[in-house]
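Got a structure here, written out as structure tokens. Questions coming.
Note that the chains are named A, B, C, D, E and F in the order they appear, and that numbering of residues resets to 1 at the start of each chain.
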Amino acid sequence: METALDTGTTAWMLISASLVLLMTPALSLFYGGMVRTKSVLNMMMMSFGALGVVGVIYVLWGYSMSYGSTDILGVFASPFDHFALHGLLADAGGEWVINSLGYPEAVNVAFQATFAIITVALISGAIADRARFGTWLVFSALWVTLAYFPLAHMVWGGGLLSADGPIAKIATPIDFAGGTVVHINAGMAGLVLALIVGTRVGFGKVAMRPHNLPLVMLGAGLLWFGWFGFNAGSALAADGNAGLAWINTLVATSAGILGWLVTERIRSGHATSLGAASGIVAGLVAVTPAAGSISPLGAILLGLVAGGLCAVAVEWKFRLGYDDSLDVVGVHLVAGLWGTIAIGFLATGSGLFYGHGGAQLLAQVLAAAIALAFTAVITTVIGLALKYTMGWRISEEDERLGIDQIAHAESAYDISGTSGLIVGASDPSMIPVAPTPAGHPTLATTTAISTAANSTAADTPADPTREESRA
Amino acid sequence: METALDTGTTAWMLISASLVLLMTPALSLFYGGMVRTKSVLNMMMMSFGALGVVGVIYVLWGYSMSYGSTDILGVFASPFDHFALHGLLADAGGEWVINSLGYPEAVNVAFQATFAIITVALISGAIADRARFGTWLVFSALWVTLAYFPLAHMVWGGGLLSADGPIAKIATPIDFAGGTVVHINAGMAGLVLALIVGTRVGFGKVAMRPHNLPLVMLGAGLLWFGWFGFNAGSALAADGNAGLAWINTLVATSAGILGWLVTERIRSGHATSLGAASGIVAGLVAVTPAAGSISPLGAILLGLVAGGLCAVAVEWKFRLGYDDSLDVVGVHLVAGLWGTIAIGFLATGSGLFYGHGGAQLLAQVLAAAIALAFTAVITTVIGLALKYTMGWRISEEDERLGIDQIAHAESAYDISGTSGLIVGASDPSMIPVAPTPAGHPTLATTTAISTAANSTAADTPADPTREESRA
Amino acid sequence: METALDTGTTAWMLISASLVLLMTPALSLFYGGMVRTKSVLNMMMMSFGALGVVGVIYVLWGYSMSYGSTDILGVFASPFDHFALHGLLADAGGEWVINSLGYPEAVNVAFQATFAIITVALISGAIADRARFGTWLVFSALWVTLAYFPLAHMVWGGGLLSADGPIAKIATPIDFAGGTVVHINAGMAGLVLALIVGTRVGFGKVAMRPHNLPLVMLGAGLLWFGWFGFNAGSALAADGNAGLAWINTLVATSAGILGWLVTERIRSGHATSLGAASGIVAGLVAVTPAAGSISPLGAILLGLVAGGLCAVAVEWKFRLGYDDSLDVVGVHLVAGLWGTIAIGFLATGSGLFYGHGGAQLLAQVLAAAIALAFTAVITTVIGLALKYTMGWRISEEDERLGIDQIAHAESAYDISGTSGLIVGASDPSMIPVAPTPAGHPTLATTTAISTAANSTAADTPADPTREESRA
Amino acid sequence: MKLITAIIKPHQVEVVRAALEEFGISGLTVSEARGYGRQKGHSEVYRGAEYTVDFVPKARIEVLVEDGEDYRIVDAIVAAARTGRIGDGKVWVTSVDEVVRVRTGERGEAAV
Amino acid sequence: MKLITAIIKPHQVEVVRAALEEFGISGLTVSEARGYGRQKGHSEVYRGAEYTVDFVPKARIEVLVEDGEDYRIVDAIVAAARTGRIGDGKVWVTSVDEVVRVRTGERGEAAV
Amino acid sequence: MKLITAIIKPHQVEVVRAALEEFGISGLTVSEARGYGRQKGHSEVYRGAEYTVDFVPKARIEVLVEDGEDYRIVDAIVAAARTGRIGDGKVWVTSVDEVVRVRTGERGEAAV
């Protein structure tokens, strides 16, 4: 705690934290563009809900459970060590706490918090279009507490999968920026939830094509941008290792694009824009755990394979029948596993391909397997508990109508044919509700706008009269 | 001026300036998505216009009026001290001027300029859909000169509301990143302009729902991202205080989401995506003045209340009848006041809740009140002067048609039903004007495209024949 | 190589690299919004394709050809010096290589790579809507190798146009951030390709208006944001020069907006949003070579003229008949030339207006001319070679239908009239293909979804039966 | 049975719907259209290229009514849709052979 | 020749198309519409302002059929489009004087 | 009075409008539609799932004309809309009982 402040490192970590924070809104665009028009807002709201819930929780007990000093069985740390960041920001003398890497511990909290948020948000893609929003918020709180903080502790906080844990006797498992903690974790949770929540109405039968591909590509572009903070920031320093991680995050991703496009060109005859966007994410996910320990050539290979592999893996759900709607499994779980395991071959300092034997590979496989099993169990418990209490699904009729209208009482777009005029100054389809004395709501059709506080519960999703006669 | 260059601080301030600059385009998305299709371009252009006008002005006399050495009555500094940045960039010997905080004064100008731009752009939300573009540009130039630069001088430039001013005898008013200078200032100006410019055609009678909510959410996400530069950058250093400001900017905003969503869920039965986006901004605004002096727990409280308060405040305009179209008052003024005053309670070093008595609270209330009054007077004078000279409103008929067509001769979207083909290679609805010998324009319908320079004034907004017969 | 690591500079260069990387996705939005709905995905894919191809190539031989130690005729360096970054990242002792400016050479590679990518992507705007995607990818690989890396070497790598070259005997040509290497280079290549590829079906006859202007403005906003990394990052330090470049990148761009808007207001009666977005890019391009060597006042002048000049230059293509679809010539070439040459007048240290005589001006003109000629020749050779081998154009019928469907088998948007429901749970217009035993594809209309791997080549663009009878 | 089709200004749809409600007509179908006629369109300018957009946005209303009712209802629609400016649109009436309500299978006047 | 127009729920279009295919009718035209009727719309809330959206999305199908065929086909459409809930829509039949296939110039029944 | 309805390829709308102008017909209404018929649709691929989009974009033109005029005008439309490839569309004619111009209340032929 006596290290001097390194303003350069601090600047880099501050901006890296900002970059990773941006990834969650970026993800909401990436995911949002992929669903149908009638559920884009709900899809985005699952990310924004995670921003709300996890942001607050992380500061309260998340950092403490991940990096607190009281280790519990190597699985998590006490939430009370630094509840609400107690003792982390300034020391008793009022001086800012600087960590051993030369930047304020406050900045470290900032950086780590953003990882927890995006990990939760990633899961939402598996259960698009059909999940109750309230259940999702509660799930976010439970899952980040019971699955994410513990895994972060195990891998990065000195727990079971760290250099201090048992596997380190074989070789210390490498997870530079979150192959296990973020992607295997979220990917496996996505698979479990997809199975528990069940398939969408019409899954595999009716067309569910992306409603806005430029939005998907925008999301992919912003994700890539933010991922430089995620990966190069995980060097926890502004140094050569950050530079290497940056370059690997560039070339693995470029190669991921090429890998996906070539694969789908061969298999279906077309190189698609959704494929390019997906290849970006596949490459980024794969390079995440490896960015600091492989060479740029290794990163190219890693990314090419990641792109090709995921391009095939996204088809599995149709064959196996689980509705992982936006391919959290096919992209994050598959590329996360690939990247984690590939380190055993490609790590320049310990990989098989560089003549270092199989110890690293074994350690990687073990770490991945433990992470998988851990998350599977925890997510199953939380998922089933919520299924039988709050319930996961909106009604089939509501799902058909579109969850945006039902859960959020909104329409995403009001862009008329060409000029926007047909739903103009006096929109034919939208008659404001009458203003009423507070407490005496009515639905009479008049020309004034009611403030929502006057409305009744009659308009809530469960409203049994929605399809009833007006007469 | 003899301080050594601190490259870490300089890096952080350079990127912070870039982040804050991004906020104005982000705001244009946030605002643009909220208006109807027929006026999204004009809404965005009000922000881009501010970028054009204020960017140039700031460098010419803005910095000098805010931070120049010749103080005039504690209200502003001389525009001539550093006109066009004279003497600020390099000293007589050609060396870069480094300020006492260790970064080049040039970088400080960069950072400060971006605040002036976004503050002006914020106001535009209050007068959506109806204001003449030319009048807006002139307003931007006048207001930033007469209202923004003085208030920045008063608060941050050593003026009346600074540590050197009279209120500091009670306690130095705290405005870390712009609660008074930016949000109270813009919010009050928005209220005044909304009253002067008047209500939109059909306000409170016809539906005016957002035309593109994903655009609003994208804007909110980018605003949050940029706001880390705004708040954590306002530490003017890459240090622990920047880290604290960063964390507070995270948790107050997360809490702002939750506060707004819970409030609207209770009042109207739904948690909306526009609510989440608005909660983000409410949380960010509230934490702006307080980010460096409250604890993360305090920030959570601050954000929760900000979200809840603003969710209610946005309804006032319907009851009171002023058409603050996009809730500059309900969000920026209300949350700006709340954040400024809450410091009196929550500041860990001087707040009531921490047992430090009411001096800080009093100072905060006084500073807020003076800022309010100052802006109200200045904005009223400018607003009325423009009303009676250039005029604020486009015609009622033009407003109904849509200001985009009228003011900018453009349509925002040309996205046909499904495939874009119906307005394809030969768009049925768009017949290019005939090319004509320069100076002899015609509107004859032929198949070639005219360059705009050949067209006549007959197509300008004031064109009295637009609804006339073609026959 | 013995310089100590400067973490502040490193942080700034890391984030600058990230900012410039973001510019290519941003460009894809800027360009994508400007084309018609039926080709937005292809337009964006040209940028994403460049990200894939050039990202990989740069690491393999790009850096080496630009900055390798074996200079060949002053035109390029050997691709083998640092193939796959050999020897650049860590030295023999395993220490990170730090360059003489105090940041890791790895970070320099990162920063420079992003410039190569965006330069290639810029060219694509000249041949929108009509180019075969495969040909574009091959062109990207060839052009970056034969035109970009050499010019980067000539200007920045110690070649012909550098301080070590012959022109430096007159005066060292100034190209701070890429006026010649990026903009003149891409602009001239765009002109040549537009001529070789030929005009779009209906060019100058049918309306080709932008399909999504908010997307264009979003792209312009993100480009500006990223450009701070491009220009201020080109100081290669976090210092006063970066600060000056930042300010100039602000005010020249603000002035570019004003210059364009005023010009089009005078010529056609309207200030358009496309004009503002274009003025931003014009200002940014013009200030690129000059950002580090002119005063803010000079930058205002530079930007104003750039905006006005380009607003006129975009009309030339209609008069001269080349279909530079998105004005790569009118904006990048024209503003790139203007910025490069204006340095001869405006450079505070060597310009005519500051009494330094015409040497700098002459050097600038010579450098620009050589860059122009070099690129014209190289691009002509590559362009013609591809024309007579792979072919540049999709068929006229396919172009009419829309290249997105043909080249990428996708539709950009599926946003129905108001609520998204008409193409809802069971989209009337989209009947999934039957699943078939692999290798026995059919087009029978059933209710299950086929995985693409089962499909035949019968659906590829060249499918001669597409307009044939189903009966 | 008659089918009344009205091409009107979009802003007037709500007024027409309210007018019809007073006649006890509580069913109708609306769709988007673009009209070409005496009413002039507007110009748009993109990077110096100017276009005239000649088709103006219109709404298309369809109402099924009982025989004999049609004249009064046409009058009501015309009155409600009128702004007095060029481009107010057209209303026309065609004869319908049969009408069925999908939900019940009811036919004829009962189906409306 | 008869023209059958059906205003139905968007989700049913595919079912109707398949049903018509069984009748050997392999041509039809669909467009988007919004309907007002007994079926209630929904409410939307934006920053505390609540609106009722009374028009619900509908699809509009048009099919040209030979005289005499129309009754059977109307029945087929009605059967296919029915969900049994309010808002299933209307189907109506009008007489057509003449039909031409643009590509060939064929007229009458050959043109369908 | 007759109502001519034409379902044609979107690209041909402008050609048809120009052809009608030569007949002195300066009013018409266009809307978007999607057609199903002999003309094949196209395939789309999203993450390995392939769909056939069977409905192709069409434009729907409506023109009111005087009795007796309809045959010549139908011919003009057919000639203008023809490209000779499958999917060129259909044109049909129905009888109209009454037409009103909203702005003036004029009826019948004067209203067109």
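Going forward, a residue touches a chain if its C-beta (ideal position, glycine included) is under 8 Å from a C-beta of that chain, and two chains touch if they have at least 3 such contacts.
Fair warning: this is a prediction, and the values are worked out from it, not measured in the lab.
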item	value
Distance in touch steps, counted as few as possible, from subunit E out to subunit F	1
Pair of chains joined by more contacts [C-beta pairs], B-D or A-F	B-D
Separation of mean Cα positions, subunit F and subunit B [Å, integer]	48
Between subunit C and subunit F, centroid-to-centroid distance (C-alpha), Å	42
Computed distance of Cα centres, subunit E from subunit D, in Å	18
Junction residues of subunit C, two or more chains touched	6-9, 11-12, 15, 206-207, 209-210, 212, 218, 264, 267-270, 272, 274, 312, 315, 318, 400, 405, 409-419, 421, 423-432, 445, 449, 451-453, 455, 459, 470-471
Residues of subunit F whose C-beta touches two or more other chains	11, 14, 17, 26, 30-32, 34, 38, 44-46, 48-51, 55, 58, 85-87, 94-95
Residues of subunit B defined as touching subunit A within the complex	6-9, 11-12, 15, 19, 36-38, 201-202, 204-207, 209-214, 217-218, 220-222, 224-225, 228-229, 232, 237-244, 246-247, 250-251, 253-255, 257-258, 261, 264, 267-274, 276-277, 279-280, 295-297, 300, 312, 315, 318-319, 399-402, 404-405, 411-417, 423, 429
Parts of subunit F lying in touch with subunit C, wherever the complex brings them together	11, 14, 34, 38-46, 48-55, 85-87
Subunit C contact footprint on subunit B (complex, rising order)	5-12, 14-15, 17-18, 21-22, 24-26, 28-29, 32, 40-41, 44-45, 48-49, 51-56, 59-60, 84-85, 89-90, 95-98, 103-107, 109-110, 113, 133, 212, 215, 218, 407-421, 423-427, 430-432, 447-449, 451-453, 455-457, 459-460
Residues of subunit D defined as touching subunit C within the complex	32, 44-51
Subunit F-facing residues of subunit E, complex	1, 3, 17, 26-32, 64, 94-103, 105, 111-112
